[in-house]
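Same chain, two partners: chain A is paired with chain B first, then with chain C.
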Partner chain A sequence: MFLIPSATVLGAVLIFPLGYAVYLSLFNYDLGAGIYQFIGLDNYAALLGESRFWGSLQRTVMIVVSAVTLEFTLGLLVAYGLYRLTFGVRTLNLLMFMPNVITPVVAALFLRWIFIGRWGLLSGILIGLGIFPPDFLGEPSWARFTVILADAWQFTPFMILVLYAGLNTVDQSQIEAAHVDGAGPWTLLFRIMIPGIRPLILFVLAIRIMDSFRFFDQIYVLTAGGPGSATETITMYTYALAFRLLQIGKASALGVMTLLLVAGAITGVIATLYRRERGAF
Partner chain B sequence: MRPSPRTQIPLFLALCAFTAVTLTPVVWAIMTSFKRPVDAFAVPPTIIFTPTFEFHYQVWVEKAFWRFLINSAVVSICTVLISVSIGTMAAYGLARLRSTASRGVLFAILSMRMFPHILLAIPFFVLAKWLGLINTYPALILALIAINQPFTIWLMRSFFLDVPGELYEAAEIDGCGAWQVFARIGLPVVRPGLWVTALFSLLLAYNEFLLSLVLTGPDTKTLPVALAEYGAEDINYWTLSAAAAVGIMLPIVAFMMLMQRHLARGLAFGAVKG
Partner chain C sequence: MPNLSRRAVLGSAAATLAAPILRPARAAAPVQMISHRFPALEYIAEKMRGAISGVEVNTQLMPYDKALELITISLSSRAGTPDILYAANPTFITFAKNGWIRPLDDLWEKHKEEFDLGDFSPAVQTSFSYDGHRWCMPATGNVMMFFYRKDILSKAGEKPPETFVAYRDLAKSLNSPMRAGTISCQRPVNSALNEASWYINALADGWFDDKWHPVFNGPKGVAAIEMMREITKYAQQGFTNAANDECTIALQQDTAAMGLQWATRAMSMDDPKQSRVVGKIDWSVPPQGHTPQGGDGYAISAFSKQDPDVLFRILATATSKQSIHGAASLMVPTRTSVLQDEELLGKYRFFPAARACLAASQGPPRLPEFDAVGLFITRRILQALTGEMAVKPALDAAASETENFLKGHGYYQ
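Presenting the complex of A and B:
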């Protein structure tokens, strides 16, 4: 009974639009030219046969994998550092958490002012050191690197926060037992801490993969997918199709495919990690 | 283990260094917003300069960014009011329903969180255009509720789960109806959680960009949309857009101070008990 209002609203604003998008994906619907005709699965076929689609998919996977790996590694190290630190933890934790709550558009601009050619802080510092700076946003491989760093800047704090909260829940008696056995900090981390918070790790990884797959705001502001198509991810491509080229049908098809891909990726990650877990215990 | 200063001090310094690097872009932007263009464009970058409030004034008053602030406020507050009230009821229902059925529903809600916002933006855009709702508040508010709702339900549910079930059962034995138990027992007990949830969904709505970009027009533009348009234009507007960006960030810093204790729980979807 308590579920009815929410279910009604979710049905109207979430399930219905989603269904409508699937429906639209079966049409050649061009808002600019005013074309609207049923073409079945042709949009999907067209996308699968197109190098721009495969290129954007490849870049998305590359960006997601690099960013999430970087965030997790750094996040775990810093969280463990905070865990072992005995003073000033609260203040540090709060300060380093700041980037995560900043509006993504604002965050992207902040980073833009660091990385932009000539006037950016980073270029300025490099010039000061007598090094000729690369064009961080204008050169394809650097632009991709910058976009990954931008994702990491904003979401590593999230990893730190959640993993740190997790580390504090690990059973104290296990830790003491490990100490008695003479375990050093690294052994402790890998043998006790990580296995102890495995479900949480699984959870943050899943969340981060879902979120970075649809990472849009920062790329839009930092590079708008450029230079050329160097940072055009699937989401950026969908945006361009729908709102620049006004090919609504094809864009919907791409959106539906993204949804299936993300669902697949998440199921994959969870299944692999669970399987490994079963072997380990 | 006794913490020895020999390991604690390097660890502390390393973490300070990490924090410093992390905060550099923020500090740099704040400094830029107080600089005149001469100082902002100096190579190598200047650290010492005479600060000016001129650009903060210009962007918020003369360039009328305050209008976008009003748009943002209207949209976010409406979203939160609707989303949290219906979400709280659903969360209560799910928390009391500790069965396999509720797990199914929860999983469905979680999977709603994962789908790409762009896939929601397209049908919303087409429908809103068809109904003439582009550049109005309701279209954006509805879209924001859609992405807000799963989050609200999950977080509120975690607060309801903290309440011992006996409390409700006692009320039921005393002859309270289902609705009364919710209003008299459930709600008052989770009131702090309600505030936390409301503030987090406010943050979510305030920060949202993609749907706002697609569904707003000149009259309803929210702050992130206005800023993205402005800041991406020309580097000559640098100090102005820095002033706008810093202004947009201020409420968030206040939010963070207020929510310190609840950050982990709120952002991790209630999965971590804070």
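Presenting the complex of A and C:
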């Protein structure tokens, strides 16, 4: 009986929309043409046979892996630096968390004015230093690098905050014992700290991988998926299917496939981090 | 502390609950309007807000793609709002074909005399008609003009180019690291589609044949996009991601020497608050003509709960002769009387060029799905421009995707 209210809310906000998306994915539902016709798994088959789907998946994986790796590495290093710092930690933590507070679209607009070619802030600084800047948003490889950097700028603070909190929970007796055994800062980090916060690492990686797979706002504002198809991710493709081509059934199928891919990726992360401890999760 | 008895609490609660029922009359719901945003449309929106006293109009203005997305979601879900919506050509054809907007014929006839609606230029009236009906109130007229730095061209002993070959050569000779030879706006979908339309219409046989089969991947189409690729080698940084705003700024900030841009941006070149090139830009008909022509209008949602007569009066007031006269510096006027006003011709120096460009212009294909297939076309053209694909296979792929999409929409049967 006590579960009924929560189950109702969960059903309304989670299960129903998901179920509806799965249902729509089985239809040729085209708003522009006014077609609504059951086609079974044809949308999935069509997507799997498209080079555009595989291309966007490949770019998504590249962006997710690069961005999350960069964020985790930077986040862990800064968090460890803060952990070892003896003063000003609170102020630094607060300042560093600011990018994460900003709405992604607004952050993307800031970043667009920074990275935009020729009269953007970064280009202006480089020209002032006598360096002719690259085309950050207009050249395919630079555009990919810029969107990864944009994601890292906004979400590394989240990593820092969570990992810093985690580092502070590591058993002091283990740290003291390591000091007695002559462990240096890096040994301490890799042998004591990281193993000690493994569940937390799994948590931040899972959250960021899920988020990065849904990476949309910043790409939409910074490059709109271009130039060409250089930064077209799965979510950008889903957006194009749903809102430009009005192919709701196919877009729903791509949404469901994205969900399965993210679930697969998270399972992979759990399996990797806990490969020696079966049954931990 | 006040004495809170059970009766007092129940009494207050009952009064609170009854208040909405006892109120003498519910205030009328405000009229909701969604639109694309640039100075001319901001002006029109302001006129809508004050069009009818006692009728509140909420205007939401946003970038084109965002507005189109929001309008499409609202209309496709048959929502009661927005009541008034922005609709350019050919977007309004999609809305009309789907039954999402109401035809304006009855209201147009009813208010024709009062608002002198016959003063709208015939070309503008035709551009907002489809399937024998009027669907939009014309708000702005627009045409793409060739913007060029008269000081730089004069110093180089050059005149505005009349052919694409001359344009390419001039762009090459004027190009330098600090000032691009030309602007190019290739942000998908609309900016890129407009510019590509110029090349395809001027150098090839257009986008489609009379049965809506793509023809842009023929030899002339390939040559046109090859020419575009040549010319964009001398375009400003970030051109693949530049929309009209970025291109306008490139000209205003002296980082590009010339290029195609909308007439609505012309006067901002002479605004000292925005521009470093005041008085240095001039305009001409683009090389080989066939310049894209557009315009913005407003339609009434078929699902609006508001009185259509009130909505029409808001639109007609905001686009009255007096109103358009006041916005003449921001657009190519939609009303014949304003476009031919001798005083304005002398006052706004881009008017003669705008009139010449209109005479040499070409509208988009009257295909409701043109915006949608533009997604395939611009994506593939950009892949060709950035070297991701060669031009011919890119256009072949775009043509095949376009044909498949149109086939799914019941064409070619």
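Everything below uses one rule, namely that the second predicted complex is superposed on the first by the 271 of 281 C-alpha atoms of A that agree within 3 Å, B and C clash if a C-alpha of one lies under 4 Å from a C-alpha of the other, contacts with A are read in each partner's own complex, and residues count from 1 in each chain.
The criterion applied here is as follows: contacts are C-beta pairs under 8 Å (C-beta built on N, C-alpha and C of every residue); 3 or more make two chains touch, one makes a residue touch a chain.
Values in this document were obtained by computation on a predicted structure and should not be read as measured data.
Residue contacts after overlaying the shared chain place A:Leu48 against neither chain B nor chain C. The larger set of touched chain A residues comes from B, when the choice is between chain B and chain C.
By the touch criterion stated above, A:Phe243 is placed in contact with chain B and with chain C alike. In the superposed model, A:Gly228 makes contact with chain C only, not with chain B. By the touch criterion defined above, A:Ile125 reaches chain B but does not reach chain C.
Shared-chain residue A:Met62: touches no atom of chain B or chain C. By the touch criterion defined above, A:Ile116 reaches both chain B and chain C. Look at A:Phe87: by the touch rule set out above, it reaches chain B but stays clear of chain C. When the two complexes are overlaid on their common chain A, residue A:Pro5 makes contact with chain B while staying clear of chain C.
31, 116, 118-119, 224, 243 are the residues of chain A that lie in the contact sets of both chain B and chain C, per the superposition on chain A.
Interface of chain A with chain C (complex): residues 30-35, 116-119, 123, 132-133, 135-140, 143, 222-230, 240, 243-246.
Chain B makes touch with chain A in their complex at residues 1, 3, 7-8, 11-12, 14-16, 18-19, 22-26, 28-29, 32, 40-41, 43-45, 82, 86-87, 89-90, 92-94, 96, 105, 111-127, 129, 142-143, 145-146, 149, 153, 178, 182, 203, 206-207, 209-210, 213-214, 223-225, 227-228, 231-232, 235, 238, 241-242, 245, 248-249, 252-253, 255-256, 260, 263-265, 267-269, 271-274.
Of all residues in chain A, those touching chain B in their complex are 1-3, 5-7, 9-10, 12-14, 17-18, 20-21, 24, 31, 78, 81-82, 84-88, 90, 92, 94-107, 109-114, 116, 118-119, 121, 124-125, 127-128, 153, 157-158, 161-162, 164-166, 169, 179, 200, 203-204, 207, 210, 213-214, 216-217, 220-221, 224, 235, 238-239, 242-243, 248, 251-252, 255-256, 258-259, 262-263, 266. Residues of chain C that touch chain A in their complex: 69, 72-73, 76, 94, 98, 177, 180, 186-189, 236-242, 246, 249-250, 253, 255, 368-369, 371-372, 375, 379, 382-383, 385-386, 388-389, 405, 408-410.
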